[in-house]
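In the two assemblies presented below, chain A is common to both, partnered first by chain B and then by chain C.
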Partner chain A sequence: MTHTWAVDRALAVVSLKRRLAYKANWVFAIVLGGGSMLANLALWHNLIGEGTLGGYDWDAMRAYLIISFFTATLAFSGSDWEIADRILDGLIAVDLTKPVDFQRARAAEFIGSMLSTVPTAVLGVVGAWLLFSPPGPVSPLAGLLTAVSVLFVFPLAFGITYLSVLVCFWTRRYLGIMWAREALLGFFSGMLVPLALMPAPLQALSWALPFPHFTTTPSHIYLGRVDTAGALGLLAAELAWTVVLWFGGRLVFKHAVKKVTVHGG
Partner chain B sequence: MAELIATRTGGARHAFAVYRRSLAAHFRSIVEYPADFWVMASAGALWQTLQFAFLAILFANVSAIAGWGYHEMLVLVGFLTLGGATTAVFWDGVWSIGSMVIKGDIDYRITRPAPVIVQVASLHVGMQAFGELSLGTVMLVYGWVGAGLSPTLIPLALLMLACAVVIETAVLTALCAVNFWVKGTMSVFAFLVNDLQQDVLRFPLGIYPAAVRLVAMFVIPLAFVSFVPVEVLTGRASDWWAFGPPIAAAATAAAAILVVRAGLRSYDSAGH
Partner chain C sequence: MPILEARSLSKRFRRADKASGFKGALKHLVQRKYKNFTAVDAIDLEIEPGESVAYVGPNGAGKSTTVKLLTGILKPTEGTVRVMGRDPHTERIANAHDIGVLFGQRTQLWWDLPVEESLKLLKHMYGVPEADYKARIEKFDELLGLGEFMPALARTLSLGQRMRADLACALIHDPKMVYLDEPTIGLDISVKDRLRAFLRQLVDDGTTLLLTSHDLADIEEVCERIVVIDEGRIAYDGPIEQLKAHYITTKAVDLVLDGPADVGSLAEKFPHYEWSAGEAASEVVVTYESARFTTAEVLGDVTAHLRPRDLSLSEPSIEDVIRRLYAGELTK
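Presenting the complex of A and B:
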């Protein structure tokens, strides 16, 4: 195996360029994510008014929803279909003959495609910031740790997506798997409704999963709902999930790849 | 005149027969691959279960959204879900227009003796809809009973639900047909509007600025799929608004027919 960082970088750049070639994707992502963010802002403004809900006042909720928009734009932008199609079309048989680690190669492509939406996400956040002027981070350190927690969205999104895409070894389609994953991610991350509003058992279940680190963790750190030690603990949990998902992916792939049948010869 | 009516009736009957047989063939193919069916149906059911949970969590913390109670919200989401899911079962093939235009696959359909749109729309069945239909019905019925709506309103609700399906189908068809001009395998406009509809119209329009309400009522009248019917059923809107869904259904259906016809006229096949 001669898989090097240069290979990863090259695959990520190719994936990034492929995405950037389709300018419509930029508009597409901002209209979709922006529309959802505006609908949520209208809803929570109506619900919270001058009071608080789950410990969020209107100021905190504005920041929460904008952070949620940013991380959701990144989390839902990876090249999942490209991986699924390789498995469903049988192209993976060719991949297996290459001197490249399949998982690392797909991770590089996935991260490259996620990077393509960073400008869109930043533009959306700047627009929302100007329109709704949410409060800043509770401290400069909290701001820095929030940025670190957002960086973990990249490997976490890949880890979860990769594991779910591997189900395609057993099915003929990917769409249903994608919907199920997105539904679970949207719900248990707190994108749909903040975890603080959920009943205790549901909150406990959410925190036992990797999903809250997409929205709740960055917003908790940003808004000072956890102190520095708590923030570092959350970052450690993100790191742990990154490792678990990575090796979980390896383990499942080892079994799943036995389903590949090469015809002809 | 009688001859013309007879010809048109015969044509419609023939088109419906083609549609029915084509769709039946796809139902048979679903039975052949049960794993895919269950994955898709479960995904649809999961979406709706989480939607249900979302509303339950929300209403554990608040008593109303813009004056709407929990059960009324369930009726609203039930209408939204059933309108979309029924369209997915019976008309899901229209999502393929974009790729068919690019590949030149419309050529084959034009040469066959049945309306092109009927052939295309019956090419696929949205299997996720089976999960959505089940959970959507549960939400609608549970919300209906909880909101104390009278059983005498059921015929009106069914009529407005039928109109909702026509509106959903017509808007989806018109937006997918945009791919006759804006080439692309993905029906971007339909996807955008469909997604925004799910995000925006699962809440009462009263929480939005006037511009959003105007667009949802009169530009792309998707408010008549869910919001207006539930307003009428719960007595928030006057009875006159009950005429809104049939009028919106007729208007959107006419617009969809015009867009598809114009699209087919501008279709110039692939490879040049």
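Presenting the complex of A and C:
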């Protein structure tokens, strides 16, 4: 393992340990996330009944909601406040004296904190699976590609979160930015309502953004709403967004770091 | 060749210029106005390897901003900095390998982890070999008593423990150049003594040190050279001993007499000395120019006419000199 990867791993492990240090918070997340999924399942069951909505019958919707729960648990669990706080209270000064790439170090920490919610997500999915018996993937290949798509959620979530947190260098506040990001992510990803139920212009707008890859892409692949070529196309788009956001983050940080004004001490 | 070289180093910040109250806030929303203020103003500084330099100044003088420019955290508005031949801002990561930084008011410990975990993470970051890491931890334990709180969560440490742990974090990779910004702030006297002894050892071992502190005992005990900064500019740069020799031109003898002291008649009798009343009625202070009179001469004169019950010698402290430098009473 090269030195840089060893540092990434160490940062991710430390971040994971920090999250696990707060056990009550962790248990609360399981209860809240699981409860939210159950409420969603009950709501959509009532709405769909024996029919279909936006091409989803109850079988497909169960799988959709479980995938949505899984990716939402990951996407909303990163250490965004920790990065924002460091920028806002000046602790970034300490980070900048360390021999590590700022973005890469934050990515390692972010992924470490996301990993802390994997048990929550897995536990929720297993529970939902036992209770609601959703259909499996349309094919083993679709299952594999769905897993790849879910894996891409890690860097994608970091890219979006990191870029939004960097806005703090200009705004000097984070709460509003976080609310805006979470609203956009919830709406345009299909976590709130499947994109298929939205008007065509909104659907087109969603697909021009990175957000659908959090929920709609993995569920489309899983449920066979796209063929293998379509699935690979979606994965390519997801990967492209990951790369664009990574380098976008670099570009923004290069300008943002000039805005560092740590007064006093 | 200097280990650190700053030329015409300046940093200007922009501050919002808005009137107070709701009206002022609304006005600023539609008509934004800013004022530039200069935190560091065309500073020239050179530090040779192995030097221990105190960088002092009143609050808001630009000390911490200078440290942030020298460590690469801030980008200078004008001027250049080279540390070991590198630009610390554009070559931040390479520079960070060779420097150690401690900000007394900001911890580098991971707040909710044991101290040991923070140090191990830094070991990974700096690529410190395991044997070196162990040897340094042993040394820090011996000199700073680190072992007693290594397993403790950072958030549970006392301020003194936190500062000692932060110092270990800043030095775990054996940096060539160390910046310490207020390392003894808020500490009690015993912890201060311990830290100062450690810093003296560090300097004796050849580490180059730049220290900012409001505690002048830190400076006198650890550093040989002092740079005084005020309003972003260097007011004095030279050896501490030279500063004392140049500006401390008087000495004083505090006398305790058997009865009340008559300052007026003493001043008439010895007009070449300066006389003033002491804290108690029976105390009197005689001040003389050390270049004109020896202490023995002064004592000879005084004891020929007075029978002091007690006496003590004193000279203005470095603190007095720096206070006068800040006040603009002295110039280089």
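Just so we're on the same page, the second predicted complex is superposed on the first by the 258 of 265 C-alpha atoms of A that agree within 3 Å, B and C clash if a C-alpha of one lies under 4 Å from a C-alpha of the other, contacts with A are read in each partner's own complex, and residues count from 1 in each chain.
The rule is simple: a residue touches a chain if its C-beta (ideal position, glycine included) is under 8 Å from a C-beta of that chain, and two chains touch if they have at least 3 such contacts.
For clarity, every value in this text was computed on a predicted model and none was experimentally measured.
With both complexes placed on chain A, chain A has more residues touched by B than by the other of chain B and chain C.
When the two complexes are overlaid on their common chain A, residue A:Leu131 makes contact with neither chain B nor chain C.
In the superposed model, A:Leu47 makes contact with chain B only, not with chain C. Of the two partner chains placed around the shared chain by superposition, neither chain B nor chain C is touched by A:Leu144. Of the two partner chains, neither chain B nor chain C is touched by A:Ala236. Using the contact criterion defined above for the overlaid structures, shared-chain residue A:Leu32 touches chain B, although it does not reach chain C.
In the overlay built on the shared chain, the residue A:Thr171 is in contact with chain B alone; chain C does not reach it.
In the superposition on chain A, A:Gly186 makes contact with chain B only, not with chain C.
Chain A residues in contact with chain B (one complex) as well as with chain C (other complex) do not exist. Across the interface of their complex, chain A is touched by residues 13, 64-65, 68, 71-75, 92-94, 96-97, 99, 101, 103-108, 110, 112-113, 117, 120-122, 124-127, 181-182 of chain C. Partner chain B is touched in their complex by these residues of chain A: 24, 28, 31-32, 35-36, 39-40, 42-43, 45-47, 53-54, 167, 170-173, 175-177, 179-180, 183-184, 186-187, 192-193, 197-199, 202. Contacts from chain A toward chain C in the complex involve residues 3, 6-7, 10-11, 14, 17-18, 21-22, 90-91, 93-94, 96-101, 257-258, 260-265. Every residue of chain B that touches chain A in the complex is listed here, in rising order: 33, 35-36, 39-44, 46-47, 50, 53-54, 57-58, 60-62, 65-66, 127-128, 184, 188, 192, 195-196, 199-200, 203, 207-209, 212.
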